[in-house]
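In the two complexes below, chain A is the common chain; its partner is chain B in one and chain C in the other.
So, the complex of A and B:
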């Protein structure tokens, strides 16, 4: 972090930049008169929700707005030699040279940035050649960059993009963007599709790169807490304009009502659970931006003045600008929740789960063959992916269990096993004492039919759009489950019931929503319909697979609240799957449920939600905890050192011996590489790590693992 | 490309061929009113007085590769072995070995089809790419309409039209045959005559075939043009030439390859009608003839050869596709 910039000289200055698209409905301004300075050598975070115009800002910086959009205004870039050029005035060839040589960009959808039919090496080579650079020297630099990003250059060069894991691809792309040694790097949501732990690891690396290569970084994201430690300043965007800019070190510097509400809506690990509030209303349409302050329809501090006149961005302190007529009143009226909360001793609801388990899973194993099977696998020696490897779990009535882990840890497979959608290759799944798969094969002894069990175990997916029939109205989508399971209801009853449900889910007027098709609903609304549909089957357990991850931050809390309210009403349990410890804490914490942490097919720590969050024992859980930034840590700068030794998850085809976490574990000792710790049972809070064992365990006398033992297993993708 | 994958593909191809042989065997042997009983009845009728039962069976075996008095499994094994050794029996009508007949006609069909496919794809790809680049223009609109129309016309309708005008009305092309008689095989005039005779069948296939390819090429290119990696390549300052050939063309053409596999099978099936219309004695012509004359050995031999041709085509395409598109390089189910 380079707060000690010699002169606060601006490398980029934007003046009245407007991006507009002509549409049938009128001119759509997706960037509205934005003026902002970007200092040389700083990391500027640009934060906004989807549809706030933040991506347009990124494109405008390189005059790369896609047709038929037009950019007006001035974007001045100051070169190393002190000359100033207006990027929007450049000739095609000048612009071609400026891009990537001076300003490089990593935009959204980075996962598909690489040509799928070309090796990674080709991308570096062609870029060097296109800019007439010395190829040997350039490739040497590429190697250095890749190594900086914890990748093995030779291996990465020789792979095709699809052979790399998401995190590796993202890092390779960062290396590619720095290949021509640009001064400015613009990154648009570069990590959004990755696991939190990977996101944080990449941010740590970025921080190092910024220092080493003296970069100016513009980091665009919807996730303010994520970038808070990385950035020097944060600019908040709402309705296609910048609302405020403030030093990132202390979030209480923020003085705009929108920023405050946004921060108070973010679930995190310290704020008391009761103080989270979602923002009422929705962001405006680019064709029809409210007059005056664009935030006034949603702003709790709004006065008639706000409706009349648009507040300008004015400087209120060094490095700090805000566009709000009443910013002085913010501290009083809209205090930051994390400041008022009493240190995170969140009230835990007494869960009313019974002692009777609904679903019991015993020593579950799910092993996949990588081969697609069929007659001809005779010729193959199939590789086995151990997606789930010996897991026990009991889910009670009215229970909430959150499974947390990185992608590829087997949490989704495990969840599907729990609701009988995936047959385990070992162990048993019992619903109220009756083995699900025996029942399906007709061997069971219980008196429930397989269909009954299937009805009692429901699922909602991450992407609600794909599970709702696009050709049916909401009302008919919701009537299907009632028709089959409550056939005694007549048409009128069903109608009344579903309207009541829509109303309860906050979709009012319900008559209006019942008449819509799925494409006329927002992501959050679709997810609600999916939830209602699942609940109308009157299930005992609902598997919610990343059910809130795709939603905007401010809507996640809403959705989880709804899940909890409806749990009370319907007496159901949730198995909630997430890569995000915060969401897991919110849902499981409020219901007095448990969090289970999965790593490479095993549960490595499980316990009451608050326990796991406040007092994580396993080094992996601690790493996950680290990846979830605390909003109130006022530690300026230094995105602190990553607590894991290797960034990428090992290959599940050939998991590490001993403790599966040992190649990445900062506490690993020699014993860990040969012996496997088991989940100590007996207590509420169990941890599979030797550090939880008694003092006389050989771990404590064992030598710490050296670097050379680690390399062998690292490397995420199958080769 | 690894060995295991290759083995698997070869295994898969052998499996298809084996199923065909088995199916043919089952057809001959098990169908009521099967070729065997039919042939025995005929032989009996003709020579019943002079031929012993054993002799009749010997005749049946000679023609159908089946020994009617052996147990079923033994017959099956013999048939399988004979077939794998390339002995497909004798034509019932012409009295020559089936293999000889097939070797005579197969190259002609392959000639027709390969030239037709080549033209279909060349025209389709070029047209589709230009349509994509000019998306939304009048040219795009017109070509799309014409292509859509041509795709929906069956090739035999077109073939009849061609014959009607070019042969009967204007007398520009011969009505049938593969080459004019009396030319020295291998001479330039001979080749010219071959092409001359092949023109109409090829044209009818090409005209009705390129439209579909053009339309998918257009869709693929538009999709590729809108993809993130094109935008990335532009930002990195790559030349337009490199982008269009290394990024757009390659990624848009590759998916067409799968279409090619289906095309091969489809065209062999179509050859039956096509060759009949143009009196072109290729394998399709022979198949139809054999069916009309109930020449079972020939019919089944032809059927088998067509299957094998399709299998080999698919196999080759599959093999090369792996080379072209890294994404399916090892045949992993990703």
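So, the complex of A and C:
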């Protein structure tokens, strides 16, 4: 075996690692004979869908599998001095030292890691003391780390965890995990709960940190395109085992059918919309993994051989291993969609938008008063959060408008205002010319009743776990809308109708689904039920608030396809809210709709979907575009420089003067800090930025505010 | 999935059913939901079964039992017959020769009535005030919360004693309500905070978007989530009323018109049953009756969570 030679540079080696849980249904193997090497100084991406065992791999690396799980096999760690320790053999105390000092870990839920009653400084101090480190020196190091992560140490030290935004918390956690100068950093979905732009910014910072501190990083994620530029190698997991390992630089290196299908299922900004395919079937049950190649029930290339024998992970090129009998045929049979695509635009459901607006929003303002409830607040003026600040939008029949922006930009509040679930504090929302809130108060002049308006505007929520009442069966959940506006239907008619709808949404046999409780449905199925429920009201406009974000990548396309198909049949419009430009492009692009980009309560760019995606004008839209990695860029293990100057969104209580984007805008000039650009109108594609103004605008003569963007200065010089 | 598989005519907004559901079907599904499924869940849990058996036994005694037995009068038997001596007086007699078993059986009914009325009073008032306060926000919430706080801060026992002495109620139903008069505060406050979080659930907003009336939202979307807790409270407030009534009769605060366990205890105690061995059975059996009923209620209340948990229900359909 050639292991002896390679072993020098491996910092971690896993051999035949198996994690199993005894359950009453049988033994559940949540990690199945995994062998993989991790090189010193590399960034290894471990990619898999939920339930592929990727998180278990992280726990096994640190022997942190929770009881009653058992780990077998060998995990050897090579220290700086060249000694090899088997992590699974360590005593508790040795393990405690190894974790954090040698191998540190960052989990997804930063909030649950921090003690909510302790300031950030306390967390650092406590960690240093617990590991007998020199506190002064350690805190100095902490400052440096925080600065590297674009946080102001003095401010952050004195805050409680809940006072930080999600992205800040996650960065503070990364700094905390690096405080003892570990060699290896294991990160389990560290950014999954964050906005795309924040995720990409953190990744850029990680890349710098890795270089500066000589780290080896294991980055576990479900999102292959996200980590592609960051990682050196990518390991793909499916059914609790590694399917292949390949150099990350070029995705066409992947040779496993599963990886290919996964890549072809991800919506992105370059692949033509027709090429996207979801993967048929579902991931296997850990108690009952298919014999032979575990992917064979879903694999288009599967042959009888695959069903008989499990292909071993074999090396096919340097740094590249794959477990598939037919990997040579992959290029031919399953080409990457982004390579074959001619870049042409997809077929769109064109021309069905009418000129008649369904909902018109005019100068909408939604301002909330924050009240902390404390006695002291009696004496202060309440602080005003300007969630939405002067937005106009018209939504037509059969229209799709996607609203894109970071969390906290007011997009959800704006969406709820559009469907009449949130009363604006200024401006008007009109449904077919009739003011919704006036009608509700009975002051309106129009001839529609409020009930009719209410029926026409529906909502699908983000979180599949909370959108359905857990105590009611699907059939009774779906009868609610019909009871609400079609009281002439009796119970059999309602049942027949909901069964037909379930069938139409691809949930068959419908009788079976109708009889289930929500907990017996998958996330995607719950969202389908929520969509059906909304459609049963026969609405004119559905607000889909991040309706696909919580789903696994391969199911998102499915759900969006269903939304589009049903739109065609039911003549509804969608207001689709997302933090992800690719999802927005997929949905709005196929229906020939528009994308509106929101920033701090304002729409800063709006236009036809493909226009916004291919030709973004506003620097912020360009940043969002940057955050959705191009799958076909071939940069090697280098996350490129971010196009923004500050990572965090300013506080909406006190938004920046002038152009609200100026503190983060790479193109900002002095004028931007004092004057406010307005959304130029008249054309299809409007942008609120001085750069779109004519040549003689004062912008062009004023001084730049500074050009340093994130990732440009963290490099080696400060160490 | 292929888009072409869905055709216009399959589209269901126009579909109507060609089968008619008969009233038998409706009854069958109701029986299934409210009798069979709970029954099947209970059978898997011996504690629930035991609790149900005990409570049902008392109900039987309190209703049919009274009807089967002749009331006992003075000098029915000899003075102070010990337990298990004769078949005519299995639990013995008191110093006036009355049959203790018969006294217990006749005492069951007023006690059960008190418990039931007190328990129902507590959960009705507590649930109504708690859910409405939690759901309504603003002024109404403030007023209801204030009333709840007042109910919580008034000391219970003195209030009940004062009311009992001034009103001198005789009907067991009224006594039950009196004993529960300020017991609903804790339930209301607790439900209010539960409703506050349930109100934020997305499905409640979806219901609002579908123009479902507030009453229906409370009934169908909010209450079912809290049912286990409410039922649990029902059981424990019935226990509370049981102890309170027995205790207050024993103290002689409540007027007694009918024989019941509390009255029996008081008579036995003042007759010296605690200190004289030959009278001990006189005070022992009423205590046993109280304790067993209370255990039955505890067992039953422990299983209420299961009855409403959709995960458990789904497995028993």
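As a convention for this text, the second predicted complex is superposed on the first by the 676 of 719 C-alpha atoms of A that agree within 3 Å, B and C clash if a C-alpha of one lies under 4 Å from a C-alpha of the other, contacts with A are read in each partner's own complex, and residues count from 1 in each chain.
Note that in this section a residue touches a chain if its C-beta (ideal position, glycine included) is under 8 Å from a C-beta of that chain, and two chains touch if they have at least 3 such contacts.
Everything numeric here is computed off the predicted structure, so don't read it as measured data.
Student: Is A:114 touching the first partner chain B, the second partner chain C, both, or neither of them?
Tutor: first
Student: Based on the superposed arrangement, let me know which partner A:537 touches: chain B (first), chain C (second), both, or neither?
Tutor: A:537: touches chain C, not chain B.
Student: Pick one for A:517: touches chain B only (first), chain C only (second), both, or neither.
Tutor: second
Student: Considering only touches as defined above, state whether A:96 meets chain B (first), chain C (second), both or neither.
Tutor: The answer is first: A:96 touches chain B but not chain C.
Student: Touching A:29, do we find chain B (first), chain C (second), both, or neither?
Tutor: Neither partner.
Student: Of the two partners chain B and chain C, indicate the one touching more residues belonging to chain A.
Tutor: Looking at chain A, the partner in contact with more of its residues is C.
Student: Taking the superposition as given, does A:126 touch the first partner, chain B, the second, chain C, both, or neither?
Tutor: first
Student: In the overlay, answer first, second, both or neither for which of chain B and chain C A:579 touches.
Tutor: neither
Student: Report for A:105: first if it touches chain B alone, second if chain C alone, otherwise both or neither.
Tutor: Touch status of A:105: first partner only.
Student: How about chain A: which of its residues touch chain B in the complex?
Tutor: Spelled out, the residues of chain A in touch with chain B are 62, 64, 66, 96-97, 99-100, 105, 107, 109-110, 112-119, 126-127, 130-131, 160, 162, 176, 370-372, 375-376, 378-381.
Student: Help me check something: in the complex, which residues belonging to chain A touch chain C?
Tutor: So the residues of chain A in touch with chain C come to 278, 419, 421, 451, 454-455, 457-459, 461-463, 466-472, 480-481, 484-485, 489-493, 495-498, 500-501, 503-504, 506, 515-520, 530, 533-534, 536-538, 558, 561-562, 564-565, 569-570.
Student: Which residues of chain C touch chain A in the complex?
Tutor: Touch residues, chain C against chain A: 1, 3, 6, 8, 10-13, 15-21, 26, 201-203, 205-212, 220-221, 224-225, 308, 310-311, 313-314, 317.
Student: Which part of chain B faces chain A closely enough to touch in the complex?
Tutor: Of all residues in chain B, those touching chain A are 4, 7-8, 11-12, 15, 227-229, 231-233, 235-239, 242, 246-247, 250-251, 254, 324-327, 329, 332-334.
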